[in-house]
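Data block below; observations after.
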Amino acid sequence: MAQTVRAGILGGSGYAGAELLRLLSVHPHVEVAAVTSRQQAGRAVSEVFPSLRGYVDLGFEAVDSAALAKRCDVVFCAVPHGVAMHEAPALLEAGTRVVDLSADFRLADRERFEHWYATEHAAPSLLGEAVYGLPEVNGAAVREARLVASPGCYPTAVQLGLLPLLETGWAEPTGLIADAKSGVSGAGREAKTHLLYAEAGDSMQAYGVAGHRHLPEILQGLERASGGEVDLTFVPHLAPMIRGIHATGYALLRDTAEDVQALYERRYADAPFVDVLPPGSTPQTRSVRGGNFCRIAVHQPEGGRRAVVLSVIDNLVKGASGQAVQNMNLMFGLDEGAGLQAPALLP
Amino acid sequence: MAQTVRAGILGGSGYAGAELLRLLSVHPHVEVAAVTSRQQAGRAVSEVFPSLRGYVDLGFEAVDSAALAKRCDVVFCAVPHGVAMHEAPALLEAGTRVVDLSADFRLADRERFEHWYATEHAAPSLLGEAVYGLPEVNGAAVREARLVASPGCYPTAVQLGLLPLLETGWAEPTGLIADAKSGVSGAGREAKTHLLYAEAGDSMQAYGVAGHRHLPEILQGLERASGGEVDLTFVPHLAPMIRGIHATGYALLRDTAEDVQALYERRYADAPFVDVLPPGSTPQTRSVRGGNFCRIAVHQPEGGRRAVVLSVIDNLVKGASGQAVQNMNLMFGLDEGAGLQAPALLP
Amino acid sequence: MAQTVRAGILGGSGYAGAELLRLLSVHPHVEVAAVTSRQQAGRAVSEVFPSLRGYVDLGFEAVDSAALAKRCDVVFCAVPHGVAMHEAPALLEAGTRVVDLSADFRLADRERFEHWYATEHAAPSLLGEAVYGLPEVNGAAVREARLVASPGCYPTAVQLGLLPLLETGWAEPTGLIADAKSGVSGAGREAKTHLLYAEAGDSMQAYGVAGHRHLPEILQGLERASGGEVDLTFVPHLAPMIRGIHATGYALLRDTAEDVQALYERRYADAPFVDVLPPGSTPQTRSVRGGNFCRIAVHQPEGGRRAVVLSVIDNLVKGASGQAVQNMNLMFGLDEGAGLQAPALLP
Amino acid sequence: MAQTVRAGILGGSGYAGAELLRLLSVHPHVEVAAVTSRQQAGRAVSEVFPSLRGYVDLGFEAVDSAALAKRCDVVFCAVPHGVAMHEAPALLEAGTRVVDLSADFRLADRERFEHWYATEHAAPSLLGEAVYGLPEVNGAAVREARLVASPGCYPTAVQLGLLPLLETGWAEPTGLIADAKSGVSGAGREAKTHLLYAEAGDSMQAYGVAGHRHLPEILQGLERASGGEVDLTFVPHLAPMIRGIHATGYALLRDTAEDVQALYERRYADAPFVDVLPPGSTPQTRSVRGGNFCRIAVHQPEGGRRAVVLSVIDNLVKGASGQAVQNMNLMFGLDEGAGLQAPALLP
C-alpha cells in the first residue's frame, strides 16, 4: 500500500507525545508532519528526547490547530485534559481526523465529564459523534470515525480484564473490585515532588481512593458491557517502576461451573493485541514493556466462586500511544498492527 | 534495669537473621551470644553483612541447639520452615525461651499445617502451648510465653488492617479481599532466577493466586477475631522494591453509619507500633522503611458501603525481625519498644 | 551526662532537614527546639514527613534567626546556598553556635566562593573563623568552633578517599581523578524534571563535567593536605538509587613499594566513622545506607603504580546531616558518635 | 532482496539469547530456525520469555551443532565462555557461518586467552581467522568473515569512546582510565546471590578491580589502534539498573589546540550506530535502551589537557546481541542496520 498518512501531534513533549514519536517515526505508513509544544517550542525534538536523534528531525512548534490541519491527515491530541475539546472542532471541520488521548471525549455523558473534570465542556455537540477507541469493543465504529477518544491507561487494563465476565453476565455486576498498580510514567512528565525518584522509589502508595478520574470511564465501559448498572471499587497505586500497569480484578461468579478460561480465549480470539495466558499463569508487566499487548490471566482460587483477573499493559503503549496508533490504523484502513510489531523489551 | 538478655540466632545468614542482628546489636538490654548458619559457618558475620562491621564481632557457627541453649536466654529461629519444630523442644527443655520466625508453630491446627507445608509436624505437642505473637492481639499471652510463633509478613499487614472490622462485626466476614504488594526481600536471600534484579526490576507480578501459605495463617487470625468462619481472597504481588508490604483490604460494612475512623483509632490507641493515619491519608511503604510501625488508613469511597483499608509495614521489621524483638521484649519484661525506637529511613 | 542541647533547624523541609530530624529526634542529648521552612510554614513536620509521626511534634515555622537564637544552643542551617551567610552573624552574636550544611562557609577564599557561586559573600569576615567540619582532619578545631562549615557530600567521599596519599606525598598531586556516582537524593527535594522517577530511573548520566561546585571544595581540602597545588579531574554521575555516593579515586603512586593498605589503616585508626576494608574488598553503598560511616578500600591493580581508592558514604548522613551531628557532638563536648550509632540498613 | 537467512542460536535461554530472539524474530531477512538450551530443552521459548509469545513459536532444543549446521546459514553462539570453541569448527566445516558472542575468539593471542580464561583453547587454529566484530573498526573484514568474534559489552563502550584519540595519537597511550558502570543484566541470567534485587538494588559497587576479563580485550583493541603499547586502568561497577553501560574514559591530550569534537564527528561520520553528541552534552544510558546505538560525548574540563569521554550503550544490544546482528547483516550482504531500526525506549 503506497498510502502515507501525514500525522501531527498536538502536545508532543510529554510522555504520550514521546511515545507517539517513537512509534510513528518508524511506522511504515506514516510521516510525522508536525509536533507542537507550548513549553518546548523552538527546541529540536531530539534535544528534548535524545532517544529520537536520527529518527525525528523536527522542532517543537507553537503552531495552532488551524495551521496543523493543513499539513496533517490526522492529529493526535496528547495535551492535558481540557485542551483537545477546544482544538478538535476546527480540525474536524478542516477535514483532519482526530485521535484524542486526553479525557475530553471519553465520557459520553456531558454532566459526568463536567462533574469529574470540574470544567465546562467546550464541544458538547461532538460527544455523540466521538467513538470510544477501545478496538476490542468498538473496532467497527473506529474504522468509520472522524474523532476517536482513545481510552485511559487504567480503563484499558481494567476493562479488558473484566469485560468478558460482564458482557456474558457470568459475574455479578456489583461488588466488583479493581486494584491497580501503575508505573510512575502514568502520572506524566511534569515536575512534581511526589514523583521524584527519591520520593517514589523503593515505595508503594495508594492514591485517589476517594474517587479517581478514571473511575467514571471504567464504569461507563463496564455498564455498556453489562447492559445495566455496575458497582465497582477502584483503587490505584503508584508503584516504583517506570512503565506498566498491573490491574487485579475481583468479581463474583454466578455459576462456578462455567469454563472461564475458555470464555476469555474465545472472547479475544480475534483481538491481535490481547493475549490470554494459559491457566495458572501470572503475567509480569515487563512482558509488555514497550509493546502494545494486554496479557490476561484468569484464576478461580479456592472454591472458585470468585474470579481473579490479572491484566497487564504498558501504560504508555496499549494504555496510551500504542492504542492511539492502533485506532489510527483502523481509521485509515491500514493493518491494525502496522507500526506496532516490536516485541516487548525483556529484560 | 541491669538485666541483659543473652540472645542466640538460629539461621542468621538470611534477611531475617541480618535484620535481627541489626536490631539486637544496638538493643540496650541484649547481648548477641551466638549466631548459627550451616551455609556460612566459619565466616565472620561482618564479612557476609558488611553493614555490621563494628557492630557484630561474631562468626557464624554450625553449632547445634543443645550448645546454643547453654549460652542463651532466648533463641530466635530464623531458619526455613520445617527446622524450628525439630530444635524448639530441646531448647525449651533446657530453659531457653524461643521466638520462632518461621511458620512451624503459627497454625494451631496440626492438619492445617501439614496440609499447607506438606510435611509432618515434628513437635505437635507444642502447638497448644505456642503463642501466636501478634502483640496487638496476644500481648498478655506473649508476656507469659516460653514459645512464641512470630507472625508472617503478609499476615501481620493484613490482620492489623482488617481486625478492627471483624472483632466488632462491623464488616461481613465473607467476600473479604486482601490485595497485597511486597518488596523482594520478603522472598528471602536464596539465589533464585525470578528474584534477580534484571527479572524483578521495573515490573510487577501476582503470584500464589491459587493459594499462598500465608492464607491459612491470615484466616486463622481473622476467624479468631470474628468468632466464626471467614471467607477471604488473598492475592500477593511481587513489587520492584527491596522492603515494604502494602496490603489493601476490602470489606463490606454492615452499617455505613458507624464511624470507622474512630473505631481504628480506639482499637490501636494503646498499640505503640500501630499508627492510624488521619482521614484521607494514603500511607507509603517508605514511611516505615526500617521501622517497626504499621501505618493504617481506612477509607469508604463512594457510597461508603465498602471499607478500603490500607496498611503498610516493613516486611523485615514489623513483618519479621522487629516484631520478633517486640515479642522478646514482652517475654522478658522489658519495655515493649526497647531497641525498636529508630524512625524509618525516609527518603 | 545531664546536658541537653537545644537544637534548631533552619530550612527543615528538604532532605538534609528530614535527615537531621531523623537523627536528632532520637539523639540522647538533644532536644529539637524549632524547625523552620518558608515553603511549609504552618504545616506539621509529621505531615510532610510521615516517617516522623510520633517522633517530632513540631510544626514548620517561618520564624527568623533572631527568634531561633533565643531558643537554641545550636542552629543547623540546611538551607540552599546563599542563605546561611545572611543568618549566621546574628546567631553567633546571640551566642548560638552554628553548623552550616550549605556551601557558604566552606571555601576560605572569598573570591573562589564568589566565582563558583556567582554571588557576593555577605559575611566575609566569618570566613576566617569558620572551621571546615571534616572531623577526620579538623576534629580539634571543631571542638573549639562557634561556626562549622559541614562538608559537601562529594567532597567528603573524595577527600576521605584520597587524603592519606596526599598528606604523605605518596601520590603525585597531579593527574588525580575522582569519578563519583551519587544517588538522586543528593540533588535535593525540589521538583525538577530530570529528577523524576521516570527520568532518572534505570539510567546513568554524568553531569557537571565542565565544572561542578564541589570541585573547588575538594581541591581546597586536597591542597591543604598536600601542602601544594593539586590537579584533579572530577566527574560526578547521577545513579538510579535514592541514597549513596560511590567515589572512585585514581592516583599515581611515587613508590610502589609502600604498603598503601597499612597507610590507610593507620591513618584512620582513631576515626570512629571511617572503616578501611580488608585488602581486595569493594564496598557497596548500601553497606552505609542510613549510617554515618565512610567505608574505604584501596587497590593497586596490575603493576601497582596506580592506586584505585573506592570510598562510599550515605550522601545524607556522612555526606550531610550525620556529619553535621558529628560536628555538633564535638562542639558540645559530647561523645563523637552520640546519636549516630544505628547500623546501616541492609538489605 | 528476497534472501532469507536461516539463523540458529546456540544457548538461547540467557539474556543475550532472549535479545537475539527479540531482534531476529522481527528481522525482515531472517528466519529463526532453531534455538538450543541445555537447561531449558523441551520448554517452549515463549514460556521462558513470555514477551516473545506470538513472535517465536519454537521450543528450546538440546540439539548438537552438527544438527544445527544442516538447518542454519548462520549460528549465533550465546553460550558461556569455553563452549563456542568446541562447536565452531564443525559448524564452519559444514559451511555454516558463526557469530560468537562469547569471548572464545576475541583474543588473537592464544596465551592471553588461556591466561585470562584459565582454560586451554580448543580451536587455536581458528584464532587467526576469526574477525573481531567491531564494525566501526573491522567492517570490511567482517563482510568477508566466516567466523566473527562479537565484542564484549565493556570493550564496545570503552573502545568506541577512546579509539579516535589513540588512532590519531592525539592522546598519550599511558595513564588511560576507563571507569565503567553497568546494569545488572550484563552479569547474565544465572541465579547468583549478589545479583538479587534485594542485593543489587539501590546500591553501587565496583568489582574486578584487580583484573576483569574484559581488560585484555580492551587493551588488544586499543593497542591495535595506537600501534603500540597501551596502559589502561579499568574499573567496572555494578549499577542498580537493568540495562545500560556508561563508560567514562580519561586520557591525557598531547596538544590541547586540536579540535577533539571535530575529530569524533569525523571519525564516526559513516558509522550508522555511533552518535557523537553536540558539545557540552552528557548522554544517558536510557537514550539507547533497547537500541543499537553508542552515544558519545567528549569533554575537556578546566585547562583542557585531559579529555573526558562519555560513551553509553545498551549492554544487551550494541554490547551483545544487536552488534551480533549488525555483524550478521554485514556477513550476508544485508543492510547494516536491518532489523535494528527501532528507537530506544524512553522513558
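Brief remarks follow.
So that you can tell them apart, the chains are marked A, B, C and D in the order they are listed, and the count of residues begins at 1 in each.
In this section, a contact is a pair of C-beta atoms (placed from the backbone, for glycine too) under 8 Å apart; a residue touches a chain by one contact, two chains touch by 3 or more.
Keep in mind that this is a model prediction, so the values were computed, not measured.
At the interface between chain C and chain D, two copies of one sequence, more than half of the residue numbers in use are shared by both copies.
Taking each chain's centre as the mean of its C-alpha atoms, the one that lies farthest from the centre of chain A is C. Chain pairs A-D and A-B differ in how many C-beta pairs are in contact, and the one with more is A-B.
Rounded to a whole number, the gap between the C-alpha centres of chain A and chain C is 45 angstrom.
The distance from the centre of chain A to the centre of chain B, each centre being the mean of the chain's C-alpha atoms, comes to 39 Å. Averaged Cα coordinates give chain A a centre that lies 36 Å from the centre of chain D.
Within chain B, the positions touching two or more other chains are listed as 15, 183, 185, 189, 198-199, 201-202, 240-243, 283-284, 286, 289, 347.
In terms of inter-chain touching, the protein chains here all touch one another pairwise.
Here chain C touches chain B in the complex through residues 15, 18, 22, 25-26, 49-55, 185, 189, 201-202, 242-243, 275, 277, 281, 283-284, 286-291, 293, 295, 316, 341-347, going by the rule given at the top. Listed in rising order, the residues of chain D touching chain C in the complex are 175, 177, 179, 181, 183, 198-199, 201-207, 209-211, 233, 235, 237, 239-244, 246, 248, 250, 252, 280, 282-286, 289, 299, 301-302, 306, 308, 310, 312, 347.
Contacts from chain C toward chain A in the complex involve residues 15, 183-185, 189-193, 195-202, 240-242.
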